[in-house]
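Going in written order, the chains are labelled A, B, C and D, and every chain counts its residues from 1.
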Amino acid sequence: MNLQIFTTGGTFDKLYYDALSDFQIGDPTVDDLLREARVDFSYRVDSLLKKDSLDLTDEDRALIRDQVAACEHRHILIIHGTDTMTNTAEALRGIAGKVIVFTGSMQPARMRQSDAPFNLGLAIGALQLLPDGLYIAMSGQVFEAGKVRKNRSEGRFEGQ
Amino acid sequence: MNLQIFTTGGTFDKLYYDALSDFQIGDPTVDDLLREARVDFSYRVDSLLKKDSLDLTDEDRALIRDQVAACEHRHILIIHGTDTMTNTAEALRGIAGKVIVFTGSMQPARMRQSDAPFNLGLAIGALQLLPDGLYIAMSGQVFEAGKVRKNRSEGRFEGQ
Amino acid sequence: MNLQIFTTGGTFDKLYYDALSDFQIGDPTVDDLLREARVDFSYRVDSLLKKDSLDLTDEDRALIRDQVAACEHRHILIIHGTDTMTNTAEALRGIAGKVIVFTGSMQPARMRQSDAPFNLGLAIGALQLLPDGLYIAMSGQVFEAGKVRKNRSEGRFEGQ
Amino acid sequence: MNLQIFTTGGTFDKLYYDALSDFQIGDPTVDDLLREARVDFSYRVDSLLKKDSLDLTDEDRALIRDQVAACEHRHILIIHGTDTMTNTAEALRGIAGKVIVFTGSMQPARMRQSDAPFNLGLAIGALQLLPDGLYIAMSGQVFEAGKVRKNRSEGRFEGQ
């Protein structure tokens, strides 16, 4: 597997930034997590955006779509904020010949307790087995895009 | 997915036990990891053994086989030491109608930096997509049992 | 040593609260940290406030002062946000017969990388050796209150 | 404070070494911990030995003594295995004009839950306040060397 990873921001990469007493989105953590996970495949990480997913614009989604469409590899992982992950997935409809999996996390990867490393494994386990299409890997499950929603009050993704 | 998890020991569950200044196998960590990962499916954890996988006997493997064969669920995850994971997989040959995935880790889940949560996600992402059979999920990859070996000097699993 | 610990909030106890994609002050973490540290002395933790220290009012400081003055023990540790830690220390001037040490952290204790456990140790090492008075333990140093300020741009406390 | 830190091995610096399914003493972790703690004083770390403290010989203790005696700084922190920490302290008797504090940990610093960062803070808080002498900072307390023992079954240091 030759994996292309695009990061867009979201909770996954949030850090605690003291001077403003605020969380902000830091550099992508995925490379550290993959080294910790001792993965043995080729991958490349490109940071496209560093935004809370509630702040993503149509232009941002057009940028993501262009990058995904132009990517030479078949396997694409997109790390994305959970709040509008399903919207961005819809914006990628119609890109053929690719397995595109979104994941993110409910707790930042930089927290002591986080779903980020597990979710990354979940997405990568799914990526190499799925047929071409758009998917969301969250809450320990792999969903087809369009058949999943975030249940915000329960803090999980569920099929619909 | 109704997931049955069997733990057998191995590095995954090792803890540092001071009185002997030695690592020993502790209680299974998988339940804590799955809560941290906020998974939303039914699972059950049974601790069958607490052994370094180099110490597993034929009787131990017969026990694992019996438990797997008797399990009512189709999806089975086995957490196992990496050194003889492939041997135990061979001992389960011929069990029909089940997706059986082995995983483990090179660093204990209780370490600050460990491949355990990622590997757990990898195995669970694969489990729900694979056809019936025996598999090993390690090093960021999903291998069919019988077509993989541990490269001990490199600290990874690779196809063969 | 019979240690009274008062928590008031601040970065030390911040958690990441997903539904708002924001941080909030959670339950005190000090008890978990002291168990992890395997301390062997008597202590009691009382949570007085759960506030960012920029939001502390005169009433809040009067409450802290009343609680400290009424405390039967000589050794008092106050976990406090770093931004106005020195102000609250000034508000405790004149309380006799007590060793009062403030500490806090620049990164939440719940982060993977945090100064919180070290700072807690620093404060407790100092507490049992200091004469009566008001002190701030931060940045690996023990300062007398009134002779220290937070250098916000450098993210550290320094003598003045 | 100009702090000289000597590391000698022990549980503090243990790592899990997979190829042998065993633990070994790794590179000193103290520098990472001090950066995480955001300390603001000068320090220097020298790794003298990488041994379980049960394996320290008279020659090893002579080496430690020589290095401590030759050190130009007044403040010296020694990171040491807990099992014979008190013996090495005795071997340093008679070195004048220095504050020498030993610390270590019951759980490796590389574990998710460890007393190492707290103990490091405890020792450093004590170091800057103590008069010249030999001390042990463990279990949340600061002991004079010669008046403390490790209670192995309880996993703590206690006065005697």
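Annotations for the structure displayed:
Criterion: a contact is a pair of C-beta atoms (placed from the backbone, for glycine too) under 8 Å apart; a residue touches a chain by one contact, two chains touch by 3 or more.
Fair warning: this is a prediction, and the values are worked out from it, not measured in the lab.
The most distant chain from chain A, with centres taken as the mean of CA atoms, is D. Repeated interface, listed pairs C-D, A-C or B-D, reference A-B: C-D, with more than half of the contact pairs matching by residue number. Computed from the mean C-alpha positions, the centre of chain B lies at a distance of 43 Å from the centre of chain C.
As a whole-number value, the distance joining the C-alpha centres of chain C and chain D reads 26 Å.
Our note on geometry: chain A versus chain C, Cα centroid distance of 37 Å, whole angstroms. In chain D, the residues that touch at least two other chains are 106, 112-113, 155. Viewed as a network of touching protein chains, the structure reduces to one closed ring of chains, two contacts apiece. By the definition of touch given earlier, these chain pairs are in contact: A-B, A-C, B-D, C-D.
If you check the complex, the residues on chain A that touch chain C are 11, 14, 16, 18-19, 21-23, 52, 54, 81-83, 106-108, 110-113, 152-153, 155.
Chain B contributes residues 1, 33-34, 36-41, 106, 113-115, 117-130, 137, 139-142, 155-158 to its touches with chain A in the complex.
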